[in-house]
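Next come the structures, one after another.
Next come two complexes, and both contain chain A; in the first it sits with chain B, in the second with chain C.
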Partner chain A sequence: MSSAQSEAFTNAPIDPPETPLPALTAKHGRSFWQIVSRSYFRRIKNQIATAYVVLLAVVAVIAPFIANGRPYTAVVDGKRVWPLFRMLSREDRIVLLAGVGFLLYLAVRFFTRKRPPETRTPVRRIALLILVVLGLVASGGIMWSMRHGDNNDLMTREDYKGITPDYDVQGAVFPPLSWGFQDSIYPQSPETQFADPSKEHWLGTDESSRDTLARLLWATRVVFGIGLISELISLAIGIVYGAFMGYFGGTVDILGSRFIELVESIPTLFLIITLVALLGREIYLIMIVLGLTGWTSIARFVRAEFYRLRKMDFVAAAHATGVPLTSILFRHMLPNGLTPILVNATFGIAGAVTIESSLSYLGLGVQPPRASWGSMLNAAGSPGGIFHFWAALAPGIMIFFTIFAYNIIGEGFRDAIDPRLNRLE
Partner chain B sequence: MLQYIVRRLLLMVPTLIGMTLIVFMMARFAPGLTGGGQFGEGGGRNARENRELARVNLLKKLGMMDADGKELPLYYQYWRWLKGAATFQFGESVKYGEPVSKLIGNALPVTLTMNVIATLVVYGLALPGGMLAAVKRGKWFDEIWSFVTLALFSLPVIWIGNLAIFELAYSKNLAWFPAGNLHSADTRGFTWLQYSTDYLWHLVLPIAVSCLGGFAYLSKLMRASMISNMYEDYARTARAKGVSQFYVVVRHVLRNSLLPMITVFALVIPGLLGGSLVIEYIFNIPGMGQLGVTAAQSRDLPVLQALTFIGSLLSLICLLLADICYAIADPRVSYE
Partner chain C sequence: MEEEPLLEVENLVTHFKTEDGTARAVDGVTFSLFPNQTLAIVGESGCGKSVTSMTIMRLLQSLPAIFPAGSIRYRGTELMTLPEAQMRKIRGGQIAMIFQEPMTSLNPVFTVGEQIIEAVLLHQQVDRAKAWSIAEESLQRVGIAEPARRLQEYPHQMSGGMKQRIMIAMALACEPSVLIADEPTTALDVTIQAQILELMRSLQASAGMGILLITHDLGVVAENADVVAVMYAGKIIEYADVYELFENPLHPYTRGLLACVPKLGNEHEKLFTIPGMVPGATNYPQGCRFAARCTHCTGTAREKELAQQPELREVKPGHWVATWSAPGYDTAPETLPSLTFRRAKEAAQVAPI
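Now for the complex of A and B:
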């Protein structure tokens, strides 16, 4: 407000206004999350990074349907078969189920959000109904096939493609990329190994004549899964630990802080390679190990937030009305201190992706033939050996983009929720 | 001051004991122990006996069993391990058959040299860089700088290291740098000066690659620290009494902005130590990291235990150093 304006304001007559105040419009005030998301999506780099991570998630869920050596359907020896669906493993089906469930959740949230009454139409309800029915049918199908599907398929990609003459295959419908993560070119020869990009293989092939693009797509599952699950474990441990430390303070706080210092004094990567070497190189174990070593920074943040919040009136009020302790901690206090924790978790995911790719690169992580960007890099050029530029380019760039995207999201989010930074810039 | 250091050292004791407990327990309860045993190593009649004998051998080597094959009580095992660790005796390596202390004695100086140089480089570049970005805050230089440092921070070492070797040290491309190891294959007849130049020349690429992340992180921190200090009252006072912007930044703001950089020193060294795992593997440098990777690949338990122990010890020492430096730099920290 300029000085002239403020002067006019203070000198204005204080008589009651002649005309009544305009009626309140249907516009609602913006909530905290609306303000944050508006300020977040204003930056173009945040938009791109978010779109990239969403794309990563989508590819991770549908990878078997876009890169697979088995056709969706074909007529083999006069019988219609569905090889791709039969070949899905139990994990694939669980991932699919989770994907459908998440989409359904989003649809329900979208179609039932609060809107002014005059814009409500029955179309939305019908659309929601159709979507829910479709989703339920899809999950039902997946569940049914979990019990009835089996992996006893003796035919190879070449059989379905009609390259080998053992079967009579008619009308096979292949996915857009007809290579799976473990389909090698048949027959293999030195020329098909580490081939440069070509029309058939857009990103070339790897040491076992497998398609690099297909493996790249399948590896998104490892990266996305490890980032998500290990961070969820870290969050669970860190939030509970930090909440009790911050809320009780005193001896609990001192002892807890000592233990955090203790865990932090052990170099994380050394701890992780020791654990991985001893426990085995199973992908779920790596998720758990990463989760068990990454919670300390979250616990620190939660502790600081709870320490600040516990003096607030609403906590005292909840306490006075007899709300149980866990409810005070996790339903009243946690939502008020969640934002810095989420920022921290985003950086944590970037860290987990870095560590997973390093582990796989060192041969201690995801084991072949399962695809991981780190192990693809290792195959493309181990120390002292020949470095295959094309085979290393794609996984390297993907690791870089993924870590970069998570870091951009974390920073953008932090800037969006920190009003001090906004004021300064 | 001395009192402060002594108090700080005493506080370290429980942490140290807890840390040794974790390192010891981790190995003690590892299911991996039961799977040990190379082909025909134990001298038994079949695979199962071989495995069992190998397990017993390993347990004996680790001091978990007495000569009769009876497992010792847990506290006694821990006590034996602790006694060994106190004098840096960690038993024999399963893979190399040599004392672990000797292996580490060879590897530690290499890693320490690398990390000390890397730390100097990181601080030397990050301080002016962050300062510049803070002074030009909000301008296009700062925008680009922020973006580039975030990109550097996100660059995966496993990729950029390999790429650097391929582009800059591969005989068919630019062969400017050696591709790995610490010195040339034939160093006979080198003078002292020649040898150290050769040594440093071999360290250029690994150190450059290992510095990227730390440099980006520190310069971001420096920028944030400078910016928050520029809005402090003392900076405004200085400006109000007519001190030029240059002197405000260099004389007043810079000094106070260095405090968080000292605190972070305790994190930089352990971070570089962890990073050396990958760097040393890629560049084939016989340091702690490479030792750790080969030990993990061959499940060499005593070596892994010792490495984790020494790594933790180093980071505790760094924490202590950082605290002491902080107490010296900031008179508000009380020594009592």
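Now for the complex of A and C:
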């Protein structure tokens, strides 16, 4: 140790050891989340379920780019156009930007992992800057192409494919699956409806001669969006509500609990059906209603956690350091009580998926021709009471596996957290 | 000329509403703390010493505590009525606190570095890089080897003594002028205890802090304190310079406490105990709160003890006591001790030890 230090405190009895301590095995200490994630990913079922959900998320983001009836690019009447990008809706745009943003966030996290400032070298900063610039350029390009990529929104899949002779189309580059969620086989005939799987249509077709696989892929967006957005709304409300209830206790707690019971007494499914009947079919309405009614269980968990945590010494220590209340609640206490909340949220997503599928099955979900697994199931059975096996199989399996995967993730997460005390050593 | 006191506590009262009635946890406590002074508050469990420290920091807000009276002044600023936003600046920045349990006083989800720099960033106008170097420096000051690496570790990677040193480093990183140490060594091994106390003493010498040391360990008091306040049932019952108190304890409770300390060599003797229990805070007797356990007061002193609660009186220069049995108590001035106690060291020069 430095001589200046021992000079400054000559009467200090603790002489720091002259030789450095033996190096730890890990460069940095492992945080709680690192320990949890390690034990979580040790189980193969957790790996599979997580991979499945990640795959679902990726498909949801890139669905327009892998299953689309319009080409990425083509030369129409001697002019180069970008029909697929032109077609992207506002939602597509938002989802895509969110996807790019998430990747950027991961990159930023990777380059600015918790380190003392002196280890942040210029190279890291430059790499980070390049990544950010690339992300901005990519999203800017997508936005630009939407406005300037095409000159004819009336062209159909058949026009680009050259099936109809109205346009002169050269060098069209199609996505791997050249069917969108609304492209019907041209020309339609009874043979093309509810067709069995074939080379062209791997999972067959539906009642309007649309490709089942394409619709299945597009429907992941609905499932993912419903689960995620409604759960985020629930989390935001539930955490803040439960935190104040648990921290302050007493009258706040009693009144808060009564209000939770009030909200819980509302039958969500019937509320949504009523609102859909009143305000029309709108997927966002369903998301918001699910979010506004689903927060109660989260609030209960948060309340219980905060009730336990508020008596902890480190909370008193944070108070004694002069940390403001909101910071104590959400920066110091929340991370310590987050695990049961996240487990609950995972199950909440599974619940939201179930409700959306039920609603769509009842014909109250997404607006046709938009696809959702529930509405695909409904279509497979409804016309004329004939059950179309292939049209029902794929969405049924997807609903099953998705809810199954979320439940496995929730359970795996819970198991990974529970015995943590044994693993800390 | 006397130095200005850092902390003046006057007639502090903290009562709790409970189902059994009002618990008078702290019932009229008065003391002052000067720069470079260590004031020890001694007493058995439940006598109100921790509640006193929590009240000074105003940490009891979330509990149904009521403050019917009292005044806490930090360098002349009244803390009782200070707005919460300003109180936050004082907490940690001016008055820091070390808790009893180092094991649980650090947040398990953050590295110790993050926790220290949070305190630094709250109270000093510095950027993160500077805060980080302050944290490193303060870790070095408390004698932790390889501070840069330790800052990146989580609390569960450290031993109890190390965590307590981290707590001290955290408390000292903002250079407070008052340090409240609530049983800082109770949870630690004896060897670590000695190191921590020695450390606090040396840091006090270099920074001129006032330390409010709350403990039930008389050994710790004898080693570290300049002035001692003995608390019993929510009140200070004896207040004196540390030498004076150990040489010449006047209150029967203080005498009992000192007699309880085991001595080497007396192996065949049974340890002394004070008979009885501390009365419950909801139903104190009308007279002296120690009366039920007192074997010392006789005659008129006993009668008075049962009838009237004794207040602190200065029976000797620099030695306050609240018992009818103390010599000269009856003739001592009837008033409460003056708010600003004379600086104990000066008082000790006057008083023959």
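Throughout what follows, the second predicted complex is superposed on the first by the 350 of 425 C-alpha atoms of A that agree within 3 Å, B and C clash if a C-alpha of one lies under 4 Å from a C-alpha of the other, contacts with A are read in each partner's own complex, and residues count from 1 in each chain.
Following the convention adopted for this analysis, a residue touches a chain if its C-beta (ideal position, glycine included) is under 8 Å from a C-beta of that chain, and two chains touch if they have at least 3 such contacts.
The model shown is predicted, which means the values in this text are computed figures rather than measured ones.
K.L.:
First (chain B), second (chain C), both or neither: which does A:251 touch?
P.N.:
Neither chain B nor chain C is touched by A:251.
K.L.:
So, does A:363 touch the first partner chain B, the second partner chain C, both, or neither?
P.N.:
first
K.L.:
Touch test for A:268: chain B only (first), chain C only (second), both, or neither?
P.N.:
After superposition on chain A, A:268 lies in contact with chain B alone.
K.L.:
Check the residue A:335 against both partner chains and state whether it touches chain B (first), chain C (second), both, or neither.
P.N.:
In the superposition, A:335 contacts chain C only.
K.L.:
Using the superposition on chain A described above, determine whether A:189 touches chain B (first), chain C (second), both, or neither.
P.N.:
neither
K.L.:
So, does A:317 touch the first partner chain B, the second partner chain C, both, or neither?
P.N.:
second
K.L.:
Share the list of chain A residues that count as touching for chain B in one structure and for chain C in the other.
P.N.:
Residues common to the chain A contacts of chain C and of chain B are 424, listed in rising order.
K.L.:
What residues of chain A sit close enough to touch chain C in their complex?
P.N.:
By the definition above, chain A touches chain C via 1-2, 5, 8-9, 11-17, 20-21, 24, 28-32, 114-118, 247-250, 310, 312-314, 316-324, 332, 335-336, 424.
K.L.:
Help me check something: in the complex, which residues belonging to chain B touch chain A?
P.N.:
Counting only chain B, the residues touching chain A are 14-15, 18-19, 22-23, 26-27, 30-33, 137-138, 147, 150-151, 153-160, 162-163, 165-166, 170, 180, 227, 231, 270, 273-275, 277-278, 281-284, 292-293, 295-297, 299, 301, 304-305, 307-308, 311-312, 315-316, 319.
K.L.:
Where on chain A is chain B touching in the complex?
P.N.:
45, 258-259, 261-263, 265-271, 273-280, 350, 354, 357-358, 361-364, 374, 377-378, 380-381, 383-384, 387, 389, 392, 395-397, 399-400, 403-404, 407-408, 411, 424-425
K.L.:
Touching residues of chain C toward chain A in the complex: what are they?
P.N.:
Within the complex, chain C touches chain A at residues 57, 59, 62, 64, 88-93, 96-97, 99-101, 104-109, 111, 113-114, 118-119, 122-123, 128-129, 132, 140-146, 148-149, 151-154, 156-157, 167, 170, 194-195, 198-199, 202, 205-206.
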